[in-house]
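Next up, some structures in structure tokens.
In the two assemblies presented below, chain A is common to both, partnered first by chain B and then by chain C.
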Partner chain A sequence: MFESVKSALGGSGVAVEDGGLILISETATTSASGLLTHFLASGVTNSHPVCFLTMQHTWGHYCNIGSKLGFNLKQHSDQSTIKVIEGLKLLNEVLDGGIEDIEDHPFAFILKTCEDPLRNLYKLIKQTVQPWRDDCKYFLIIIENITSLLNLGIQTKDIAIFSHYCKNLIHIGPNNASDSLIVVTRDDEKDEDASSLTKIISHSAVMHMSLRGLSSGLSREVHGDLKITVFNGLGPHQCLPVVHYFQFKLEDKNMKLFAPGTSANVL
Partner chain B sequence: MNMSKTYLGKIFRRTEIPTPRTLLLTDSAKVCGRGLLYALVNSHLGSSTDVLYLTTCLSPQEIRRFVKEEASGKLEFYNGAKDPCGWDSDAPEVSLQLPLQEILRHKTTAAGGGKVAIVVDRLEDVNYHQESSQLVRSLHMLSAGDNVEQVIVYCGRDVVPESMLAALCHIAAATVHLLPTSPCSCRLVLRKPSGKVIKAHEEFTLTPDLQVQDVQPAKSIRTQHVSESSETDVILAAQTTFSLALTEDQRIAKNSLLLPHTRVQTQGGHIHYTPDDVDDWDDDDPDDDLDI
Partner chain C sequence: MSGPGVVSSFQKKGKTKVVSIPGTRPSIHNSQLLLSCGIPSLDYLIGGGLPVGSIILIEQDRYDVYSKLFLKYFLAEGVMNNHMLTLASLDVPPQAITSDLPAPTDTEPEEVSAASKQMTIAWRYQSKTSQPKTSVGNRFGHNYDLTKSMGTELTSNIDMALWDGSELEEGRGMLKNKNYWSLLQVIKKRIESSNLATSSNKAKTNVLRLGLHSVGSPLWGSEFGYQEKDHKWQSLTTFLFMLRALVRTSFSVCMVTVPAHLFTDPALLLRLQALADFVVRLESFQGSEKETNPVFKDYHGLFHIVKLAAINSLVPPILDSTDWVFKLKRRKLTIERLHLPPELSETVNRNQEDPLNKPIGLSCIGGNLPKNLDF
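After this line comes the complex of A and B, so read on.
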């Protein structure tokens, strides 16, 4: 995992293990893959089971990134520490026509009109995490990238309902401890639906990590801005969230975070 | 300033006469109004009003941590967060697909004559399962109930459809829009039965035990959370020793400046030449004598 991301989150007063819904938003010029790899590696390192729903990239993509960082993610998925639901593969199954009865298929909505198009997908995730819930074991659900469902013709309200049900899976146990749900969205001001979905999910999130490219152009030493917004950290009397600003640089085996104005260009 | 003279103070001390039947409380992704909502609920419970709380986002267990259940006022939850549309069971405890007056029917028409306050937390979650027009109609019918003292509607104004927000503002007797400012402030609109509309912008403080204090008309409010483009300006400005920002006067002067080429492009340009007496005005090439 990336030490600078870990210390940035620690400095923000947030630990992923505290639980709750964490929103990561990316844009067309930035990618959340770096942060997702950090959370996957963190889960693996701390022996927390992970349910990973990939919609935008294949599992092989993340395995390749993991192998560069020294993690054998494929081995962990074989051992069921990481349970992967590959959205692209499931989509292919439906489009290929290889499945006769698609009634209960998570992507049945592609070929037939459904009242609750994402219900089957939710049931698949629930089925995957149920053993961990029964054992009261802390687990992590990662959904990447939920806004991809908009491209499949799903309406914003249906995705909001799906997100709500996924959040219900991370139950609150004694001492208000909770599991964690990480949702990745694409936040593009030119895409109204994606932007609206990001706002909807941010209302339920305990933390929002927003990745943006530099508005002034490209830089070799700074790849973008990261804004970490923490909600409700001190209690509901705190109406305004606590905001931390960082800039980041993606390296081959690392993601560096630093305070604005302290990049190698300046120092 | 005496809190009882401020409109927000009157709403929270419930000295506004008559009590606004429908109160709309809105927030956004940049500021959370949940603390204010809990303060209002506590105010009702503290004055012997029962509260019927429809929750769609948080579990009753999470809300009970902050809401004081006084002996005089009872708090009853309707858990629309658990299984709002029956994905987990065929008969969910509370289905958000039903009209609100059906969900709360048994209590709003209960015998006993006790006054009740109804809380809908959060309205956009109900809107995912019902048509906007039906929802607004339900709220209007609920507020007309004989034993209903107040209907408190909590929603995010940046996620509710604009038409629905407009309809809610129309039926609400009091609207409180929480703003992302420091100190906390809100814009209020109060519609009196006489037809008078009062608008106010007031700042306040919320204590850790959710008491609204220090309410006063907003003075110079500093917006803590500026827009996206301004955030980038702040980051850029922090990286140099030069002042990259513009003052308000400089910005106005810059925007009103009409550059010469802009004027020519829009209005067209003409060269007016009046030849002198000694000018040889003919069509010959003037550079003929040059040996180029």
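After this line comes the complex of A and C, so read on.
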């Protein structure tokens, strides 16, 4: 858990435990691993169960980052406090052809065109979180890089429906408490589908954290910009979303956030 | 902070788990197993080498001259370390590439000469052996000579598979394109047959190097029609995604070159970039205005580093400069920092007008100053 990210979120008045959909968008060259690690770690330290669907990276990638920060994520996944659905492994299973009943596989759509390509994937997530839902426990669902499904030839509308279904999984309890869903998208302006998908998902989000590389190129001290937009839909009046700007720097064991223009390079 | 590629001389005491795969070394930053891509300067830029399980994407220069050299270096390094190789190409016959790999220049000739030489002055040191030899069995990176091609005696005992699209299966589902589907099957079978997948428990003694040349060129399929907005290129992105899944879960590294200047839809390139771990773009000066620009007279092209991924860590490899160029000497290809040529004459007068409209961010003088300034 990174202190500066925590305080940045606290400053914007959003606690992850409040629930709702949090959207993180990255670009092709800027990775959201840092923020995801933060949410994974905060889930682990507060002993919330996490369902983690990875598409872009392997689970080992996050385990290695976690072990540097002092979290044994592997152990948590063995104890199934973190349940991992690893997209890259599932894709390999499809390619192997060793599965007898391909119909029920989450990535069956690669080999067979079907009507609702993401239905099986949704079912798998639902199955995973069902015990927690039954116990009325607070839990997190993290979907890493939902836009990589576009690469597999899935339409924007299907992914939008999928994310909406996932959002319905984080049910509203009796006292208006909701679980959390964190979705990562890739948002490059030139990729129309990806950026329209980002807009669609951000419409139903409580917060949008947008990571972007510096427009002026690479830098040693600053790795990119972070823009946090908080949509306050529950307020008494229709308010404009609150926007906070930060710059960030990734270190081996930390993600540093600071106000734009206050990097070590400048000061 | 230590730069990438700097190897610490401190070593752990006691027996460490020795990785016995030739031509690899562990990274000092994230204990990732690294492989050389054949060009030491490129290894340096990407943090010491290519991590096992990663994909490097090279956006070709327009005439595919230099990108082919990168691929050849990559394969030659595999030959020298007895790695398994797979080369796929439709634009040129893969045999043409493998028959013309650069020859290694440092094959230990010193041994004989040193022993036979009689010392006349410092004769006391005769009995002392010269420098302790670096372990020959496990060398990381070699030097190559582009003027000679590698002998067949080196390449013949390598486990090499060439794919030229002659054996095709029908594509399925999202991978309708026959070429991509068949190539994926070939790669999968090779990984399986030699137990390179991380899921198999056998000890790994070798690494698979995958070289894919000019993927996405028109010869790979007719997806590049006029209606690109229909995303007919999803076969290509699906292919690369599946390839990523294969490479990540096995002991293999992959170098893909793509003719990026043929892609008219920018979304395609962005998606390919997102799927690869390292992305570099070669911008050769051939046929461009920059060829005659005095600023670039020592170099052959610009080397853009588009993406460096952080694998198993948060921090990507750090670069100390943003402007890189590549230079093809007679015997080798190197990547260097861009320096302006020294101005040797006493009066500053370049007889050629700077043909670049924008001098690459070096001066902040406006464009419309008088030519001769009087002081």
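Details
Note that the second predicted complex is superposed on the first by the 263 of 267 C-alpha atoms of A that agree within 3 Å, B and C clash if a C-alpha of one lies under 4 Å from a C-alpha of the other, contacts with A are read in each partner's own complex, and residues count from 1 in each chain.
Here, a contact is a pair of C-beta atoms (placed from the backbone, for glycine too) under 8 Å apart; a residue touches a chain by one contact, two chains touch by 3 or more.
Not measured: the values here are computed from a predicted model.
In the superposed model, A:Ile200 lies in contact with chain B only, and not with chain C. In the superposed model, A:Arg119 makes contact with chain B only, not with chain C.
With both structures placed on the common chain, the touch criterion links A:Asp225 to chain B but leaves chain C unconnected.
After overlaying the two complexes on the shared chain, residue contacts for A:Tyr245 are found with chain B alone; chain C is out of touch. In the superposition on chain A, contact of A:Ile65 is made with chain C only, not with chain B. When the shared chain is aligned, chain B comes close enough to touch A:Ser215, but chain C does not. By the touch criterion defined above, A:Tyr165 lies against chain B but remains apart from chain C after alignment on the C-alpha atoms of chain A.
Considering their complex, residues 28-29, 31, 33-34, 37, 56, 58, 60-61, 64-65, 68, 87-89, 91-92, 95-96, 109-113, 148, 150-153, 186, 188, 190-194, 217-218, 220, 250-253, 255 of chain A touch chain C. The touching residues of chain B, when paired with chain A in their complex, are 27-36, 38, 57, 59, 61-62, 65-66, 81-85, 87-88, 122, 124-125, 127-129, 156, 158-159, 178, 180, 182, 184, 206-210, 224-225, 228-229, 231-232, 235-236, 238-239.
By the touch criterion given at the top, residues 30, 172-175, 184, 188, 231, 234-235, 237-238, 240-242, 244-246, 248-249, 266-267, 270-271, 273-275, 279, 305-307, 309-316, 318-320, 322 of chain C touch chain A in their complex. The touching residues of chain A, when paired with chain B in their complex, are 116, 119, 122-123, 157, 160-161, 164-165, 168, 172, 176, 189, 196, 199-200, 202-204, 208, 215-216, 225, 227, 231-232, 235-241, 243, 245, 247, 260-261, 266.
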